[in-house]
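The following blocks contain the structures, represented as structure tokens.
First chain A sits with chain B, and in the next complex the same chain sits with chain C.
Coming up: the complex of A and B.
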């Protein structure tokens, strides 16, 4: 928590465009206001299907994805992307409250997803993952 | 081992042969031929009769016994007997035996059936409990996320503005409580995983010395803050084949525990390894209040607290040690405690040494690759 990567001055040169897909509105609101205050662009969807549509139609620098969601969950989104636009997979940061088994994390890595964060996540850590991905 | 049938035939066979033989001898040697012939014929009839009687008796004794043995065998295998295949004729004692066995089997079978049902119910309840706990912990993790997020943001002057000292104080208190809550939820989840045998471990070759040093580094600042001496004592430094994160979790729980029990002045915590031929034994020792002997056997039980009085000074869920023990067990080791009142407590745990180099190096490579 002592991490201070998030100071706005650092981020001014590179304003990032981040998509957040999570069915929990409190979490999306918190992350988006944090990214907003860190001078990044942030788009929020609380529904998986909408998320997929947005990924198809818009260009994002990074995508923060929750796994457990009603109707269209994170795994489904990953499946769709793998079939239709695998290049998007490397932009994804998984953010989940469930414990992900090591085998699944390995599978994610094989897909090109390097970050799998556990809720509750340190927001500075989340931001540093987001900037890592875009670099 | 001899069968009743064989024994009977042997005994009565010899007997009938002797009877016949005496009759035959008598016939040869006697002067009165007609008397000799009568004796010979009657001895022949007696010996044949004896053989038939033997056959009849042996059938009546051995058949029911064989059948009873078969039924017993059946019962011991399936806890269930098929319907009576003995007829009501035959030897009374064996009939009684069969009847008694049947009664007993019915009772035992019924009891076993009940127990099976009860066990199934218990298992189902236990699974339900575990599912519920895991669901609850999962649901609890989610709201903690925005709480922690906003707390972090509030501490950033450039985002939320400068807070005054009282506000910062309040913020810090909320942070501490939230962190405790978070730790508790994590502990409950890990304890449930251990219960289910689903704790995931990723083993690799690890240097015992580095494991101890890592925990030292993690806890040195906290100990210094509390004026507690933290000392490393390494009697051996070998390689273990284990999971680095889980071991640091064990060390972290044990050192945190020790920290809350050392005396306020001159508190000392020693961590390290001791020599052991088969395993590497790690330990965490404190010079705290100690654990009464009669309570030592219970401290690894879930939710067990040495001091359960409402006035107890130390807080905690009672999960820490049971988690440590569970993790060590999952890593193929064992954990134990030695303690004396007012002298201190030492927790030991064994971890298997890295043995067959070739195989282990393979997995070492694998785990390295997978971490990239």
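Coming up: the complex of A and C.
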């Protein structure tokens, strides 16, 4: 994806390094395109295990995480981070199509997770959540 | 001690394998052998055929006792005698011996079950002299010692529960019931089951098989060091941390005790969240799956619209 297309309103913002973990390839491709347009760097994985490995080995400013994924899902990733590197939890934005009970949302908040958004989410809202983390 | 005896003792108690032998010895005792029976059996298994006298000397057991021991082991079917003068003894291989001992125990239990019916039938024929208690639901307490007696009590509670079974405790407590019928018993209940537990990564396997819809997670503030199981409004088994390795619990039908613990349980239950919702996804109905997919599609559409719009703007900008 080309980095030459960029939305004017974001050109002055600092370039963020964002990781997207979602098994829906369409969504990851599109979010990646939109982040490219917003002049941010984006890494995409469609598999939870790969996502955990990347978080362990790379530094990201923000992590957009889906919950329902086959094999290693978002909850397992959160479990792993809680046990091994809790500081990463504050970088996480949960983006899920699942219905999340209020108790779970509270639990996410207690864990220090930045945001929990239910799909479909407005793109500007997602971008603002991503940039909010670094601010 | 002669050189030969010392060698034999070393072979049996084996300095190199002393710990393993000790553990095997302890386990054989759990299989119903007395410490000396176990000692004799292991001695024969390690050293091969021996006379009663040699066994007695090597193991430092009085001769008369060694005859009793050999006799009882022979009756159990795990050693045998070899005709000759003097008579020698040898053992059945350990795997066969364990099978024999287990079969004997099974037979004994089934005999006891048969006898139970006979005793009850006889009991019915005896006139009663004791008056029925005026308060059958009175404050009865019973100390349960050991895993089996606790399990037997829980089984009775589960079978007679018609309203609810409430279980509270850290999963480390429930690990002690792993490899028992504990989870199966709870699964069998016709009453509503509610389980409050720590559900830790290391310990949640102890509750494998219980429906996750019935389990809520005890949070840090409620991880007190106690566990209990309540049946309806009538009975409770309260586990005691005695410090010993043996499990202990108190069973009671005390109304005040039951209602206090039940209030505590309900209070924590209300404040707690169900364990990992992700595992409930398999039980979600079709409509929820459909909603999930629909939201994914809507999300794709939102992003696509956004991208198209921005590309159009860009293209438009370029053209201008």
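In this section, the second predicted complex is superposed on the first by the 122 of 135 C-alpha atoms of A that agree within 3 Å, B and C clash if a C-alpha of one lies under 4 Å from a C-alpha of the other, contacts with A are read in each partner's own complex, and residues count from 1 in each chain.
Everything below uses one rule, namely that a contact is a pair of C-beta atoms (placed from the backbone, for glycine too) under 8 Å apart; a residue touches a chain by one contact, two chains touch by 3 or more.
Everything numeric here is computed off the predicted structure, so don't read it as measured data.
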item: Contacts of A:70 with chain B and chain C, given as first, second, both or neither; value: neither
item: Chain B versus chain C as contact partner of A:122, first or second or both or neither; value: both
item: Partner chain(s) touched by A:109 [first = chain B, second = chain C, both, neither]; value: first
item: Which superposed partner A:97 touches (first chain B, second chain C, both, neither); value: both
item: Touched partner set for A:30, first chain B, second chain C, both or neither; value: both
item: Which superposed partner A:83 touches (first chain B, second chain C, both, neither); value: second
item: Doubly contacted chain A residues - partners chain C and chain B; value: 7, 24, 26-27, 30-31, 33-34, 37, 97-99, 101, 106, 119-123
item: Residue ranges of chain A in contact with chain C within the complex; value: 5, 7, 24, 26-27, 30-31, 33-34, 37, 67-68, 73-76, 79, 83, 97-101, 103-104, 106-107, 118-123
item: Chain A-facing residues of chain C, complex; value: 201, 272-274, 276-278, 281, 288, 291-296, 298-304, 306-307, 310-311, 314
item: Touching residues on chain A, where the partner in the complex is chain B; value: 1, 6-8, 24, 26-27, 29-31, 33-34, 37-38, 97-99, 101-102, 106, 109, 119-124
item: Chain A-facing residues of chain B, complex; value: 138, 141-150, 152-153, 156, 158-160, 182, 189, 193, 200, 202, 370
